[in-house]
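Letters A, B, C and D mark the chains as written, and numbering starts fresh at 1 in each.
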């Protein structure tokens, strides 16, 4: 149950079986920090290649393929007073005939963060948004996960069974995320904090920010899952990462039915009756190469 | 501003340019009722062919192609103590390899509704759900809309620019839905009430119920929209109906950007900055021939 | 076995249960003509509303829901020396980020047809295509089919189980197309001839042309199919119409397996072994609201 | 212009920046062999882990990121008299409701290859296919390509800009395939020969076979492409790998338009006029995580 303070020096733009940055035990907590998605740190210095560079990987003693790694997100604390967002809705989230109407050649937007009060406001609001004012922060992790199967090293631009760039705003502090373990030690990576993000990450970013991050790991020996799962206290969740969204829905729904069978004893007949009237779907991102859908159900409804 | 009590005698399983059932004026309210999706009325009598039979159409004086019809849903009151749901999650919402694991040959589930307290419980809960207890009702309209363009008559199984079988649980009492008008009089149809439904309508039904329905219409002359829109007091909404879900997202996002431009003066640069960090997506159905996605943004954020 | 010479005077922009234009018997042949997709006839006169206006419908005596209507396309003869094509690849068939690079505001292209030699050449070839020369015609029917189920009237812009706007260049003279019958008399509609078209109809048109058309119908009593099928002498075919293309593939593959079971006695085990190594897929259109895929297998391989 | 005889001893189940197996020069030819997709060699010995194990990678001197690697497939010669195929059409290529009708629990099919006459026949044809007889072989490469960008190592189960598991039957001897170079030396991998395969690889395999393979490489310095391209003498081709098929169509069409601009001077106006009436689409696979579509146009039509 140790707590580690870890200062990263190397960052990775793939999730893969990289040299462990730190070895930790099940139950341990790590206090560390992440650069923003472009590789800038809390001082605004560009210290590493962009593209959701990851802190880690953290080798969790005892985690082996076929196990599950539980990661409780304890803290996501933006540590810089300025964050950046994409200025235009992505062409793929509007009708094809409409895409040519979107403005082009624009500079990114900058947001001023009030870290004390937990708010953000546009530095130079475009015409029409002068009155927008301050938005409450809702910090989340965009890209995090474990080493993928088969020795793969997969870009932090995308996601899969191993997690990765899911860009789901429900991955905030207090949530526990479960990952299937594919490599010895699980090799947990973390990065790409967003101070705020809408559903879908439709401008290609949240408010991209460097952040202090704390998390606590636990190895669930012999527990085998197929896709990331989550628990935010109110809901149990299953994640699907794929294109099109329809396939992400299929992955997430299947995994949620398996979760209810394994953990709550509901066969597919019972889970159908429950989910038919009570399931909730959240759209993570519709921007990255793989889209993300979360299927969830309130824990209060479960036996 | 008349209020009409309308007793339907004919029901339609297409939305089309059918003989008007009643002629009403802009501003009028209609009190009527709808059979359930299988054609059963409040007495449990099978009075018409199934498949989301529609009450109406209502010819709204003055509505012409190029206008918008606003329909405020005033009341959706289930009027029968038993409703029915599909017993198994649809094959198309799970992974293809998993579909063969779903149970088959099952009877539908029945739910007992307590209309006084606004709750529902499974009549014969499947094993594992004995403790589920009573769920609060959240009545909604599954299928409603106007006559489609070009003289078409489109099945109430599906949806399009004209509305139709959207199966979105956000279409509850208190919401105003806006439809593009494609035919003289708009020809509003309404039916397919659900006492409760999860996101996605993944068992192919909500709790299907006959219901008393009240609504109030208003013609917005010269206002031209492309897809249904909505306003629930908290959010402005735009609806996209299509497969795959990705295309429904495209339709809904495009229509929401046009709404913000037309009604709130936000060009696509400004709406991008706002929606990127503040948009919300809801999944209506992922079961019908056309899926439904709602893109929305809080009214409190708008200039 | 009569042959009817039919002069159309009314054209429809939906496939639906319209007043029959002519009643014919199983085995009869019809010689008639179709305007082009914009409603222009052989003289270049604009005689009806555009949007794939249909000649017919033809009521085939004895055809009833649950039967199949076989339509042999005997002749598709362009009857005008000029045809028109869309000038730019549609935004939906290129990458979203690329769509804004496509030229806009262009006039349609005109092609000069040499009806005697069966060739077409661009009237004003754009720079770079001056040397293109004459292309051999390959006339086809873009939009044809029967009245859809449930009393629907479906736009000639799209397609479904009833056929419609499939825009598949394999529907040429000599091919027999089979349609499920949904309405008394089947109500066959025909129009939208193309003198030539690439796969996918990616500029939104083939060389749109008015044409003389001959076809011969046969009612297959009691034969029930789910999607259009075809036979071009070399291949048996099954058609799927849907978005995304993946679903069109699913419909077409399923229907081809059912065809092989019903007509050639191959269970799904046997058809899997055959199709795995021998199936061919053609892409009809990737432009219309529903895309079209044809799954086919050489007749010489069948028992 | 050397010819190398290379005996592989290590095989990879990812395409990545692995230790080069051999260093060759632009213009060189390699004669080597590949195990089948399950890791069995010409003797039928299981010599390496399954999943499309790759021979190589071959480091091509002078190839650098931003260049193109041309690989002419000189020979694909099955070197074993037995090959294997999946016994059942994959659940994802049929309608979801139909998937439960597919047989399950079946053994793979074996095919007897007559290498002298170039034919294959089922060893134990299922009932109904007894008369199928011998099919002509049409050997192809299922999985081959270069190291992907960003230091990734991507599973040989899937495909991307770097090539990979495209399972396109048009990649036969005589074809030149062009790959974007993402890593020093390009790092060409090759494996997964099929003696025969239908469109779509819908049973999840072709006739999987070990094979002798010869290929010749050429580095095109400074030529930058985005997706694999090909030339089979008759057609120029562009490949798109993605899900859904619609996105594969978008990638392939975009890349073909760029090819026509770069190599044949056709701007998008001209390529639209040509491709609209003359493009051909082939479906590679609809089975793997990423599907494959090839867009092509006859070379005889190009200026």
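Rule of thumb we're sticking to: a residue touches a chain if its C-beta (ideal position, glycine included) is under 8 Å from a C-beta of that chain, and two chains touch if they have at least 3 such contacts.
Everything quoted here is computed from the prediction, not taken from an experiment.
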Of the pairs A-B and B-D, which shows more C-beta pairs in contact?
A-B
Thinking of C-D, which of A-C, B-C or A-B forms a repeat of its interface, with over half the contact pairs identical?
A-B
For subunit A paired with subunit B, centre-to-centre distance based on mean C-alpha positions, whole Å
33
Subunit B and subunit D: spacing of chain centres that average the CA atoms, whole Å
47
Counting only residues that touch at least two other chains, what does the list for subunit B look like?
92, 96, 102, 243-244, 246
Subunit C contact footprint on subunit D (complex, rising order)
85-89, 92-96, 98, 101-103, 106, 109, 122, 125-132, 135, 196-203, 205-207, 243-246, 249-251, 253-254, 257, 264-281, 283, 286, 291, 301, 303
Sort out for me which residues of subunit D touch subunit B in the complex.
90-92, 96-97, 99-100, 102, 104, 244, 246
Name, in rising order, each residue of subunit D that touches subunit A in their complex.
13-14, 16, 51, 149-155, 242-244, 246-247
